[in-house]
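Each of the next two complexes has chain A plus one other chain: chain B in the first, chain C in the second.
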Partner chain A sequence: MPAIVSDHRVHTPSDVDDALRFLADHRDEGWRPLAGGTDVMVGIYRDHTGGQRWLNLSRLQAPLAGIRREDDLIRIGALATMADLRKSSLLAAACPLIGQAAAVVGATQVQNRATVGGNIVNGSPAGDTLPVWLALDAELELASTRGRRQVPYEQFMTGYRRTVLESDELLTAILFRPRSDERLRMYFRKVAPRAAQGISKLVFAAIAGLEDGYLHEVRLAFGSMGPTTIRARAAEQLAEGKPPSLSLVEKAAETLARDLTPIDDHRSTADYRHRVARNLVREFLAGNLGDHIPAAR
Partner chain B sequence: MPATQNPVTSFAQTAFSERALGQNVPRREGAAKLCGKACYVDDLPRQDVWFGGTVRADVPHARLLGIRYDPRFDWSCVVVVTAADIPGENVVPVVMSDQPALTDSIIRYHGEPVALIAAPDVETLQQALDSVTLETAPLEPVFEIDDALAAKVLVDDSDNVFRHIDLRKGDAVAALQSADVVIEGEYHTGAQEHVYLEPQGMQAEPTEDGVIIRGSMQCPYYIVEGVALLLGLPPEKVRVIPCVTGGGFGGKEDFPTLIAGHAALLAHKAKRPVRLIYDRVEDLRYTSKRHPARVRHKTGWTRDGRLVAMQIELVLDGGAYSTLSPLVLQRSAIHAAGPYQCDHIHIAARAVATNHPPRGAFRGFGAPQSLFALETHLDYCAAKLGLDPIDVRRRNVIRPGGTLACGQNVGDDAAVGEVLERALTESDFVARRQAYATFNQRASSSTSVERFRRRGIGLSLFMHGTGLNGNAEGFFKSEVLLRGNSDGKVSVLTDLMEIGQGTQTIVAQLAAEGLRLPVEWVVAEEPDTAVSPNSGPTVASRTAAVVGGLLITAGQRFRAKVEHRSGGPILDAYAFRSAVAELVSQEPLQVRVAYRPPPDFHWDEETQQGDAYLAYTWSCCVVALEVDTLTGEVKVLDVTAVQDVGRVVHPLFATGQVEGGVTQALGWALMENCVWSEGVMKNANMTDYTIPTAMDVPPMRVVFLEHPHPRFPHGAKGLGELPAEGPAPAVANALRQALGIHFDRVPITPEIILPAWEDRQS
Partner chain C sequence: MSERTTIRFTLNGHAVEVSAPPMQRLLDVLRETCGLTGAKNGCGEGDCGACTVLVDGIAVVSCLVPVIQIDGAEIRTVESLAQGDCLHPLQQAFLERDGTQCGSCASGFLMTACSHLEHGGDTSDAELRAALSGVLCRCTGYNRVLEAVQQAAEGAGHHAGDRL
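On to the complex of A and B.
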């Protein structure tokens, strides 16, 4: 049975102010922003939920889709698509993980429509780009008629598909400090059931500095390992300020379970996710050890 | 008499130099599909058509007490059909005919159809479907094979066993006693969804005294029988005109009879055309799947690796109704001992009832399950015996004059050993196995990224019986019809369905071969049961072989008839065409050929002994793969598939069949995982039921051996299902080399591989 969409309502604002005014005027009427729609459409088809209300952002591309440097930060407009992220040389220089993550989102057709803002606001812990924002200490710019506020990405998701976005707010941009230092180590891996177009069983993004043989600013960020994207803080703290060693790698890997709370579902098992998380953290941290990496597993 | 038993010789005698058989003639079905002009059932004109939907049970096992219709909905604007509205018999006729079209008493699976609704538009239909609730009294459900066999709760009306087959050769029990070594193993295989591109769909249109059915299907005459019985009509009042059908893989063998019946019931009551089309989720949840299986092996060996005795216990989970399970079970059992010579075999096979949606036909038809078990078990045994699995197979392969488990003497049709040797050569098996052993050894002491990689290569040796089981080909008496046209071209009439394999093209090709005419002058008519003869179902790898043989013979007889009436041999093709046109202008010119079993064919259904099949195709599949030991993910590096198919009709299509079958089987082996909970498929969408994409398809080397089989006038044996059988055990055997672990079930997902690997390391 095809989904019925004729009782859905769509409002299409012509500029950002118009959009924010509309949201302010219809605060509690259930209007949700619609960007690329690549997850929304699947949901409508799957759930046959009628009568939904959509704030269609398709005319806000010009103000909200740019990727540019702003002082010492990089600013990505919320409507930039995954394809934009993948192709941006600015982003490739600022943090290669972003392009890597965007390249494994869905199919090419999806990447051409799906937006970075949609991926974030959608609030799924399986969003492929999300651990990268976490690892980058990215900030989100939220706008409403009341003004603009900046929220660290880490505080944005509060639970499974729950965020701090108010019903009159739009996510307008992602901001982060570029990381092009050669002494930084970066890592991204999506583990999915097939080579392409798979939903993540687990996503891992990591960044760490290595200065004079000591780890610093270690960020270990995971998707699909809990109701929200999660940083493995205990492991990060364990590694912070220490020289990477075999025992440290093992200790850090064993500490992950303190922060990660994956579940058994129809996509994978908690046990598998824990095992892979440990192995990827081992690979990331040990990757810095040169000849001293631990024996094979 | 120009038509002789050997078309190869007779063809050489003609002046016409272009052969049809074995040529990559242009694909007839291609253009319309590429241009989007092919008309699938949902592309039919929508004028005056109502849309049908199904009210389904929401519990797996229950007594149906009543159907409640919400009075807030205006029921006058829709048509509702329940079991009480069925004019004929409330049954889906298959083998045992135990499945009702609509249940009125016991609900046996979650999703079982209880009522049908037709409405003028889909929105009204959806509202109506949402306004029905079922009153049910729950019964204890049965989901596991052991619980079904325990028979504490009965799903069917007897003992939960749809069919029990005992296949005996020699005395396996006694022979096991005398074996040097006895090795046991237990194997499990999971359900698999067909994922044909086009979901199930039918449209029924009432006529003055009958009904026309259009839709997506493999077997038009199954639908004639089913709808006639359901509506209480004589079969000739049911006309089936198939639409272009977007894939089948067996999923459109038995299931379409049910949905066609539903559409017919709605059209009958609504007195207007009704279209009933499943969306992907409905299709995934409620249509048939490959039977899950449990196979136990107890194998007796001599110390040097000769098979002494094979005791095999095989159980298929048939789901809530028997559908084709009795026949799937039979093929599963007959193939369970594989292409090996062993004098003492006992195969005990049962298909059991559970409260899952009924399972059905799927490419391979039971053989992939039993062959996965056998071919994985053989490598396991070789390891236990300390022997090379290649040598173990070499020692035991069936040779000319050998007899299979069912007692069938394969005669000269025994290229198993040759297929094995060719596959070893083509894949460079021995050298690569050595290279991977070195690779793995180096990886285990490496400090580079290589340390997380392990490689392995494995193979499987297997066969597939061509055509329907035992006496079924004789029972169907398939017919083909050749008809001269006024322009001198020849039309071929069959009910064979094009479901992606290129049927229209090869039907024309084979008739052209028999006629010794250019293939362009042969018209393959679209099936329509008002005019097409019953050529049997488009299943069982029988189209090119069994019906293909009839087409060759029909072509030869047609030519003989034309030459006879025209007064002598006509060597020139253009002269022949003129002669056809001339004869047709006088009176209708047609030739009808019906299947008759070969005189030396004998199958005893009682004892399950004799010629189980007309012939066997033999194949060896080699899989090389790499495992990422950080994640347990498997990357298939390449596949080599060597097969003896008798004769290749169309090399490009044949290669496509192998590549597609291998890919489908790799999906079954590694990622396609039906997740069941309380009888419901939890991952019933294309996001979570993952099939391979192009990115997962490895390079493949496909090699055909051609030993024409004397039971077919063109020598061609069946092909379509064969390639689905070998990859899964070859994957398991390759993983054995890569990781040193015995995997005894499919799918072998990373969730199974990683813990097994890590536990082994610690």
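On to the complex of A and C.
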């Protein structure tokens, strides 16, 4: 056992108010939320990091792990686990991409512990659920003793493992508008070295509407293609309002490089990532939507 | 400095109390403090599944669980399966179908399968492969493991009184 584990300090609040008060009283002392621990523990034991301070959220599951409809929105508590996401019939109906993404986060033993809030706050560009929140235009609810604020997921990540979460704030929920309209097309794909529990070379989540043969509200969201999760805005704008013809699909794929900035690293190369991203966008726009291309157009 | 916390939990049916650093791995507490070495220390990163135990009936990789988070929980390890000389149906099936070779992954497979079957999990090839995909075997291969779990599940179906 590395001696370093002794240096960590842990505080376990009994409810959300207690947690927020503690964070407010100990602002800037470096307390970080500890949810399922599946990333935190790897960091501590592989990298031998010590001396950290953890706000253990394990007693806040009752208020913070629920998945429910709230008016026109779906609300996912930040402590819902990947297994909860995978098994939720409410989420399967509201957006099947969520369950698909949750099912590829590690294996079941990890999915039983890993939380959606942890995946988001951890801020890794390789987080498997993250492009889904981007494609869904999801909002995050951040709570502190100063009140609650809602931040679009797209504005949450500001850089590699950097977020707008203040040191006295907790992520409490993810909110999004359910997408059960049959005219919507959705796509999720994780590309990793093997089928089970690899770390992503890239992740892609996409949603688009198709009305009268024309694309609208196109969302092409990527993970591991830059320091943050990222939307391919140029390609989205190119596709917006147009029919998904083969020439459009090609143009959209070639436009991806304007937004995507992958790197060479131990998991893949920038070149390979670009090539796969183009293929995934082709498959989404042409393959998934191809049935709806009017024959005479 | 060595901040330690007192943690109380149920381990294989017995109440235990340990004093440990709060971020110590559950795996280390089980192996070093409690003396139960059935859960194996493999990759330490949640990939190999050799350290799988059940926390409140749910399969988790104990290398990624800080012990502070199991206060009040019910932990079951592979040591809980056999009752004296009487093997658990899963263990018996692993024995009969050669589901284990070097043994490093066996407790991980047994506990993962145990949780899957106790929760009424599907035993079709595809579902079972997905359920067991978090345990890596480097010698015997996966087919015999799959067959053993299916045999145990069928046996339990035939004998309603069995412990599965």
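As a convention for this text, the second predicted complex is superposed on the first by the 284 of 297 C-alpha atoms of A that agree within 3 Å, B and C clash if a C-alpha of one lies under 4 Å from a C-alpha of the other, contacts with A are read in each partner's own complex, and residues count from 1 in each chain.
Just so it is clear, a residue touches a chain if its C-beta (ideal position, glycine included) is under 8 Å from a C-beta of that chain, and two chains touch if they have at least 3 such contacts.
A quick note: this is a predicted structure, and the numbers were derived from the prediction, not measured.
By the touch criterion defined above, A:Ala196 reaches both chain B and chain C. When both complexes are overlaid on chain A, the residue A:Ser6 reaches chain B and chain C alike. In the superposition on chain A, contact of A:Gly37 is made with chain C only, not with chain B.
When both complexes are overlaid on chain A, the residue A:Arg275 reaches chain B alone and has no touch with chain C. In the superposition on chain A, contact is made by A:His48 with chain B only, not with chain C.
Once the two complexes are overlaid on the shared chain, A:Arg267 sits against chain B while remaining clear of chain C. Chain A uses residues 1, 6, 42, 45-46, 195-197 to touch chain B in one structure and chain C in the other. Taken in their complex, chain B has these residues touching chain A: 53, 122-123, 125-126, 129, 279, 281-282, 443-447, 451-452, 629-633, 635, 671, 675, 682-683, 685, 687-688, 690, 692-693, 695-696, 749-751, 754-755, 757-758, 761. Chain C contributes residues 1-5, 21-25, 28, 32, 44-47, 49, 52, 58-61, 63-66, 68-69, 112, 116, 130-131, 133-135 to its touches with chain A in the complex. Considering their complex, residues 1, 5-10, 12, 34, 37-38, 40-42, 44-46, 54, 56, 58, 83, 106-110, 112-113, 195-197 of chain A touch chain C. Residues of chain A that touch chain B in their complex: 1-2, 4, 6, 42, 45-46, 48, 191, 193-199, 201, 266-269, 271-272, 275-276, 279-280, 282-283, 291, 293, 295-297.
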